[in-house]
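Presented below is the structure to which this report refers.
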Amino acid sequence: MSSPDYRAQGLKDIIVTLDGAILTIVLNRAKDRNTLTENIVDETTKVFDLADRDDRVRVVILTAEHTAPAYCSGADISGGWKVLWRPEAEKEGEHAHRDGGGEVSLAIMRCRKITIAAINGHAAGVGMTAFQLPFDFRFVWAGAKLTFPFVRRGIVPEATSTYLLPRLIGHSRANSLLLTGATVTPESPYIKDLYHQILPTREGVYPAAKAFAEELAANTSMVSIAYAKGLLQHPGSSIEENHLLDSRAIKLGAMSNDGKEGVLAFKERRLPKFRDKLSENVSPWYPWWRTIDVRHRQSKL
Amino acid sequence: MSSPDYRAQGLKDIIVTLDGAILTIVLNRAKDRNTLTENIVDETTKVFDLADRDDRVRVVILTAEHTAPAYCSGADISGGWKVLWRPEAEKEGEHAHRDGGGEVSLAIMRCRKITIAAINGHAAGVGMTAFQLPFDFRFVWAGAKLTFPFVRRGIVPEATSTYLLPRLIGHSRANSLLLTGATVTPESPYIKDLYHQILPTREGVYPAAKAFAEELAANTSMVSIAYAKGLLQHPGSSIEENHLLDSRAIKLGAMSNDGKEGVLAFKERRLPKFRDKLSENVSPWYPWWRTIDVRHRQSKL
Amino acid sequence: MSSPDYRAQGLKDIIVTLDGAILTIVLNRAKDRNTLTENIVDETTKVFDLADRDDRVRVVILTAEHTAPAYCSGADISGGWKVLWRPEAEKEGEHAHRDGGGEVSLAIMRCRKITIAAINGHAAGVGMTAFQLPFDFRFVWAGAKLTFPFVRRGIVPEATSTYLLPRLIGHSRANSLLLTGATVTPESPYIKDLYHQILPTREGVYPAAKAFAEELAANTSMVSIAYAKGLLQHPGSSIEENHLLDSRAIKLGAMSNDGKEGVLAFKERRLPKFRDKLSENVSPWYPWWRTIDVRHRQSKL
C-alpha cells in the first residue's frame, strides 16, 4: 500500500491536503489567474498518479481559492504559446509535441478514484478543458464566465476536449461551444448539462463539492468505483462485448468482501462499511483495454 | 410465419397478452417487488425472442401491476448475489459468468419490433438497467423513485448499462447517475432525457404507453422499423459507411410494397396500411453487422 | 487560390450569393415546397465543394425564402421514390444505389468552413436530415413543423441521419424522433438540443444566422476552424490517440501566423485579424483519417 506524503513532494504551484479520504488540490497561482505552466502540468499529473495508488484516497477534488481572479484563465501565454513546449520535443518537429493540458487530462482520466472539479471562478481555455472535462463531476459557481476561446486565438481545442466534450454533452452542444469560442455562464443551455451542480456563490462551491465527496467516500466501494469508471470509459466495442465485460466485473464484485458487505448492509437496513482496497482487491484482468503509450520517446524514463 | 401461443409457454413470473399488434408483458412477482430471478430472465428472454419472430406483433410493452410495491426493485438478493449464478458457469471461474440482466438486455435489443417500458412504480438496479435502457421508449410515473445503486452495494453497473446509458443521455448525466447511486425522480435534470413521457399517476402510465403503441402499430411499417433500429444500433463505423448502409436500406424500402403504399397514401392524403412482414420481406443482407456469440459454451444448445 | 464565379455555374434550383466571407445558398424551388430533386443534389454538392476550396469563404449558410410554403418538405415524390434513382445504379441492383440526401450530407460534412442551416419554414424528411444534421449550427423558426416521417412512409431514415442525429443529441431523443415519425416544433424536449438558436419569426431566422456568421467570420481563424472540425469529426479511436492528434494540431496552430496573431491580439486587448488561408496554411498531415470512397463506380470520373 502506497501512502505518499504529499507535503514532501516539493509542490510549488498547487497546495495538496488529505482530509480523511478526500484529497484536495488547490491551484496556487492566484496572482497569475491560475494559468497553466509546465510546472503545474508536472505537479498535477504527479499528484493524480499518486492519488490513484494511495489507498487512503477515495475522492480527489481540484479547486482554486474562491478569492482568486479566476479558477483558471487558460495557459500562461505571457511569453507566447511556446511556454508549454518541452525543449526535447521542440527540436524534433510537430509530431513530437505533447500538449501539456492533454497530459493533465490523461492523468485525471487514469485516476481510478472519484474526481471532482470545483470551479469557483471564471474559466477559459485549459481551465475549461483539462481542468474540467476529464473529471467525473463538475460543481460550478453560477456567475462563472466560461469560454473555450481556441478558434478565436488561432489555435485548436486541446487537452482531448474534442474527444471528451461531445461524449459528455453531445455534438450539437459541443459545436456551439468549441466552434464559436463564445463566453457563457453555467445556466446556458449550451453548457448546463456539463455540470452536476450549480451554486449561487463562489465560496459555496468547494463546500458543496466536499460534502458530496464525503458522502460518496463513506458509502461507495472504492473497487466498485474503479470498475464502473473502467466500464464507462472502455465499454467494449459492441453491446455483446460490454456484456462480457460487465458480467465478469459484477461476478468479481459480488464475490468480494465489499460485495458481501453490500448485501449484508442492505438486509440489515444500515449503511455499508466498505474496506476493500485498490492495491489488494482488483483482479489482474483489470485493465482489460489496450492503451497507447503517448509519451514522447525522449522523455521516457 | 411464426405465431406462438404465449399461454402455452408455461410462463410463471410474467403474464403475456397479445392484443391486436401489441404484446404486453406484465411482471408477475408483485409480492416480491418484481425482483429479478433466474426464471424471470429465462421467461422475458424467451418472450422477446418469440415476439421478434411473430409477424402479428408490432410493439412489445413491458410493465408491472400499478398496485405493486415497485416496478422492479432490482435482483432478488434474499440469498445473496449468488441467486443469479448459473451452476454450470459457477464451476469455471469469473470469465464464465453471464449476467442475467445482460441476457435480458441483449434479447430486448435483438427484438426488431418497437419496444416500450411502462415504468409505473419505483425502480432500482436491474429495474433501471435491463428493464429500461434497452427499450426504444420509456414511459414513467412522475413519482417513481429511481436508482442505480451498484457502487453503494459493492458491485458494478450491469446489464450493459455502461454501454447503453451514456449513448442514451451522454456521459455527463450517466456519471451523475451511475457513479453516485443517487435516488432521483424522472424530472431530475440528470435523468429526464431518458424518458419519452412522464405521467402524473401510476395507473396512467400503461394506458399512455398502450395508446402510443397502437398509433405506431397502425401507422408505421414493421420492416421500416426493423431497418431503422438496425441503422441506429449499427450505424457503420464512419459516416461514409453509414451512407452505404442507409442507401441500400432506403432502396429496399422504396421498392417494397410498404414503400409503394407510403407514397400512395401520401398522395391520396390518407393514412397508410402497411402489410409487409418481417418473416417475408427483409433482405438477406440484414443484419449487416457481426455479432459475438456471448453464450456460455456449456449452455449452448 | 480558388475563387470560383458562383454565377457561372449554371445553377437553377439554388441561388448562391457571396457577401464578404459569407456564402449564402437559397433553395429556389418555393413553388414545389423546396423538395429535393436529383438536380438540387448535384447543385448543392457542387457548391459546398467549391466553398470548401474558396479562400474567400469562411461561412456557408443554407436557407430558403421565408415566404416559401416550407423550408424543405422532403424529397420530390410526385413520381414515386424513383425520382432519385440514378440510371446507372438502377440497373445494377440494391447495392449500387447512392442516396441523394446522403451525397448532400457528405458534401456538407466535407466542407471545412463553418456551416449554418437557417430553417425559416416547415421541414420534413430530407429537409430534416441532409438540410439540417450535417451543419455545424442550426437556426430555426419557433413555429416550424418538423418531422422525420420515414417509418410512416415505408422507407428508412436516410442521408446519414442514423449516424448524425444520435451523436448530436443522444440516442434517447433520436429514438423519439426517428422511430415515431412524429411532428414536433423546435421547443419540444425531443429536439430542442439540436438548435443553436430558436427565433420567433420566419423573417428573423436568416438575419440572425447572418449576423452570427459575420461575427464568427471576423473573429475566428479559418485554419483553426478546419482543424477543430476535423478533430470533432475524427477524434481518434481512444483518448490517447486524440491527445496525439490535438497535440500536433495545436503545435501547428501555435506556430502559424494566425496563432501568433491570436497571442498578440490578446496581449494588445484588441480583436484579432486572421489572414491564414486553407489553400496555403494547412499541413499535409491533414486529413489524418481514412475515408472510404463511396461513389458508385460507374459514376466515377
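The chains carry the letters A, B and C, assigned in the order they are written, with residues numbered from 1 in each.
Basically, a contact is a pair of C-beta atoms (placed from the backbone, for glycine too) under 8 Å apart; a residue touches a chain by one contact, two chains touch by 3 or more.
Only a predicted model underlies this, so the values are computations on that prediction, with no experimental measurement involved.
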Pairwise touch network: line, ring, star, complete, or other: complete
Same-residue or different-residue interface between chain B and chain C, half as cut-off: different
Turning angle required so that chain A lies on chain C, C-alpha fit (0 to 180°, nearest 5): 120
Centre-of-Cα separation between chain C and chain B, whole angstrom: 33
For chain A, residues contacting two or more additional chains: 170
Chain C residues touching chain A - in the complex, by the definition given at the top: 114, 136-137, 167-170, 192-196, 216, 219-221, 223-225, 227-229, 231-232, 235-236, 238-244, 246-263, 266-267, 272, 274, 276, 283, 285
Contact footprint of chain B on chain C as seen in their complex: 77, 80-82, 94-95, 97-99, 102-103, 105-106, 109, 150-164, 166, 170-176, 178-181, 189, 233, 291-292, 294
